[in-house]
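For reference, chains read A, B, C and D in written order, and residue numbers begin at 1 within each chain.
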């Protein structure tokens, strides 16, 4: 009985999550569905199809008796990186595929949605727990791609000198009511990692002990206004602030400001999903790489927190904030406190000082889904807390996002820490 | 009066040529308009807009009083390579532009067409000759892009494992009735280059004397059946047949057959604008690079003709053949003789042994249009005779096409020659 | 008085360490001093000059009154990567410098050595502690470059089809007397990092607490014989064992065995500093990347130890082994036990599961020497324990070596670990 | 008897030519023999060995009974590009070979020289003609490499901030006594290509008819002084002067002057084999690419001559000039007239407007030597007239040198032409 209730809830959530992906593409022209502005940024059409393939491949093919794929070639076209499943279309050529058309991809979604509903209705009790777990993973997976959908559309639009607008900006949120503080946290043995029965990814468990020295954590993420001071103080010209790889990278790429920033007559402007605008000085700085976050921290005489520090300090903070539901698609100035801290969740992902490595005793999922997270545990840094493009139901204190240190097309910012004296 | 008659004719032709571009995109889905499969292959949308910009930029802006551009940014987006006009969008990023949409590009075409008609109607006699000359260039230019439209669509479609079909194949044309011969041509002083009052590009003139040794020229282009013997004889594995650059290139790229060929269970297949099919043994070989044409000739104990030999031998041959009007979009076996030679025009462009260099005494056009041809006279080889994607009204015996020796996405084949004994 | 005694000791050590660098180049022809086989591998001449420059730049220029550089351009040529000192010759162009000649570099060494001795003799007591500390860093630095000298010579020689021999092989060491075991280690709060007054690099301190789960650590590094089973079991062909970056890398590079291995008629051979030889099955596997170490561990159902586990388990093991002093220049089979473990030090550097990041509360050195270690704390993995090319006086349990995960020209192997049940 | 006389002459020449190669390396340090500053520039050691291998491989192995190679691996190491002989060491890795040492290469030279003398002494009359022809090719080949030896040493030295000096400069040659003129040449049927019984390469024959329009040819090559006006007039900033490939190339490379030029306090300086010096305004401009020569010509309202024009106009001019024998290793101002023209031979190679293609009826040599010239007849431009690094006995009016249009490390300049009015 309990299970049946869970099933209903999950079916409801399935429809909502699946619908949101489509809703997020409503502002697009057909042409916008095709393009891949860089290898990291998949075409919107591809995201819509790949998330669908995920349900087909990991659930329907294994658990819905007699299921037939809509098109067997989709297994090649829409497998992202699961080597153990079979060969897949090269990532950097996703944008060369004009077919299936956007319309055909929507049909594919409907086809798979209908079969998932069928599976819900006919689910034998013996399979229920396994299938519901897989469905939950499928939904979490689709939520991740919803965030990528937005960051990839933003990237693609920014390549076009016509600077298309995805969504009209909402009213500005008034000024920042923040009172900045470095908030002291005690050291000692602590625990981090997911606990409890709710969903988490395999990379968040097990909950485990860590020893922390006492430290302080900033009440707010660093703002545009603060970051401008770093720029104007020559931050991008002084190698002493930079990791060696970072210095090499910014010089090769010619970076001198966050991604999407450019100098206009009235000062620093940025490109947003609502078009070009002046940067908001009270907004958290966004679209910076780990290298830039780390350099800023050194310039400021501080450092980035480790992911253990971040989680330990912020896990009791209420998980509220500027998420995708608010339809801002851009970080906002801090205006409501969650305990001692502002903006712990939402607005911008926060780079940490931690490389993405396995937790002690961690076990990847069995089978192909084991490739979901564990095989990326190298050359990437952990980010925490979600962004303005994250679903509120997707984020939690133990959530580990990860990107290479030079990547900055995500809504990525950072918060400072320092050792206790 | 004569001029007015010319004007009417030209207006008629203007409408026909402009209409053909749009007709050639009728089989496309909206998504197909966007993609650029490689830097050489522009998106269909871009071709439609760029040819339109050409009329706007070189005619309307200078010669239609009070003309206002539909969108001033198009001067940046749709300038191809005219440095003296101003900066332009990088060629390899044309496929990242989702806007203007295909629909907006069609509106742009209508807008410019309407103004060209207006200009026709109000054309002061003092300007007539100049403007009609420019219009002719604009139409010839659009015809060139119609050919590129087809070769670029073919390239883009071939990148997609779903192998989309552009146009259903017409019936096969029956077998080749050819009788192969090497046809002797006398040597001595000859003349090549355009003569007469009809349109030609600046690279085709002046008509000038060349001294030719006696030689023979093949009655037909080399066929797929003949080319298969070269492949099966190890042609791609024996460096002695290859120019040094060619050998390096085929090894780097892993080439072992013409572009679009692949081995299927029933032997060599190829991808065409009508989808995958078995190669036709009597069809002229197509989609080969200059390097492959040259290597084949050496393997066969012959050579490629120079462009002077080609023109001298074939200028009196009637300009008929398998052009874009026949809607085959693919070369066909030889079936109708033009004098002693088959397929001199249409089917496949024929690589010559001649590097693309200026004719003695040649003068590029004045102004930005001087960049049209002359600035490419380096590192390219001349091709002659037009292809199945060329308009019959576009080709002539003096026409000089040119590509880098490694390029093969055009409908490019070749015909053999040899020295007289 | 104590200090004077220290001084004498240090001067003695200075002469010994400086002499060893030159001794290690004795087998070389002049031509061998020049070449840079890849960007990572500096020319022997460069190592000899750069280590000399280090003393000149960080000690003589600041602390020997009236010191004049032998050649002011050496500050540009032999600065490796100290951005805060000034511009430097591009790393990948070190091998294009034929001048200064090897002979001139030896003169440079003598010039600087003589001035260092002069400084020793005239050292005012007020400066003694600082200068002796800098000298110690200079010697440790030179010892690091002695190891690179050997690995770079090996790499350069291996590029030459004539396969030059650096040093005749010593007799084989007989068979391995090992009894393999996974040795259990208790968990709980532990301490790692350097303690005491001896020299350590800034990246080894402060000593700090870590919480460890109970685990086991292998008594021996993985051997060639064991690694061959991984290869023959298809290890390089099965993506499920590999990190995503590792899989991409081995496929791009075409790796299917450790560096320097190749299949000969009598089975796997390898290139060593004593020339080509059959691999020794009982020797520790060597010249593997982190990716390969990590993949092997997954194939074996185990994992790599973290650096904290490694240090905690092995810090009480006696620091003896096959070091550069033994003049083997190649790892040897295990033959003498140090407590429960074999080969903890020497033979091969051992990849750990730990990314190279700062210790809690760590402080880089002041000034340009702060660039020595800290700026590389990104995208690199920690290795522990020293190798057959390391000086015995250079290694200690807290020593942190670090390389990018794809690098394998160092003498790098690994030891397995696993979670306690 | 005649033959015997020829034989003696040839043996004398053999010794002289072989000796010159070694003499040209006398100023080098051992270290200088190893380095390859770019893929185009082979190490001096390699030139000395490759030219020796040429005699061994094409003469001794086929024609000296019982000849044994000094080292069979040299066939792999010192084959440059003869695919039909077998695999060879990659061109861009020639600089990674420290062995054989320079000393060993000199031994190799002695070994082969001794065997060639032996062959001379024992030459059966039946073989004499063939072998003497091959020896002649071997000597011509070595002379070509003597020029490359100088240009490659110059390139290598220029990569070193210490700017080594190869040879002290001779006294400046006083001012230029030239009277500049465009000298008219009649058009009509002409003949070019080698005639007579003296040696020529296979690419220079057969002598054949060409039809030339009347034209004028400059009395002198363009000078540094003239070229500076082009630079100062913004020549490198105006795309209208440039071929499209040239414009792309200079922008990618950041070129704004000839190779080796740089702005010093006292104006334009250049690096020469005698070190850095102020440019000589009356010297022919040197180290320019075809693109730069062509752009200059367009800026000057003229053009480059075709190779037929060059040869027709200059074949009767006496072949005297500033060659390698004068030991200037740098072009000099014009000071002695040869008929109407100055500096037709020596000083600088002159870029022509002609792509390097086969002459009508030309036949490459049989066998592997057929790869010597013919396989490069693509993507290269012809240069005429020899340079200050050419042997006077090596050059002639029909001599065709060829390089890719972007290359400029040779002593390459140019002379203007124009159509008759």
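Rule of thumb we're sticking to: a residue touches a chain if its C-beta (ideal position, glycine included) is under 8 Å from a C-beta of that chain, and two chains touch if they have at least 3 such contacts.
According to UniProt, the chain labels map to these proteins: A, B, C, D = Ergothioneine biosynthesis protein EgtB.
The structure displayed is predicted, hence computed values, not measured ones.
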{"item": "Chain D and chain C - chains in contact with each", "value": "none"}
{"item": "Which listed pair, C-D, A-C or B-D, duplicates the contacts of A-B in over half of its pairs", "value": "C-D"}
{"item": "For chain A paired with chain C, centre-to-centre distance based on mean C-alpha positions, whole Å", "value": "38"}
{"item": "Inter-chain centre distance, chain B versus chain C - centres from mean C-alpha coordinates, in Å", "value": "60"}
{"item": "Per-residue overlap in chain C, given as positions that touch at least 2 other chains", "value": "none"}
{"item": "Chain contact graph, described as a line, ring, star, complete graph or other shape", "value": "ring"}
{"item": "Contact pairs between chains, per stated definition", "value": "A-B, A-C, B-D, C-D"}
{"item": "Contacting residues of chain B [partner chain D, same complex]", "value": "81, 83-84, 189, 208-213, 239-240, 242-247, 290-291, 294, 353-355, 357-358, 360-361, 370-371, 375-379, 405, 419"}
{"item": "Chain D - residues contacting chain C, complex", "value": "29-35, 37, 45, 73, 76-77, 89, 93, 95-102, 156-157, 159-162, 164"}
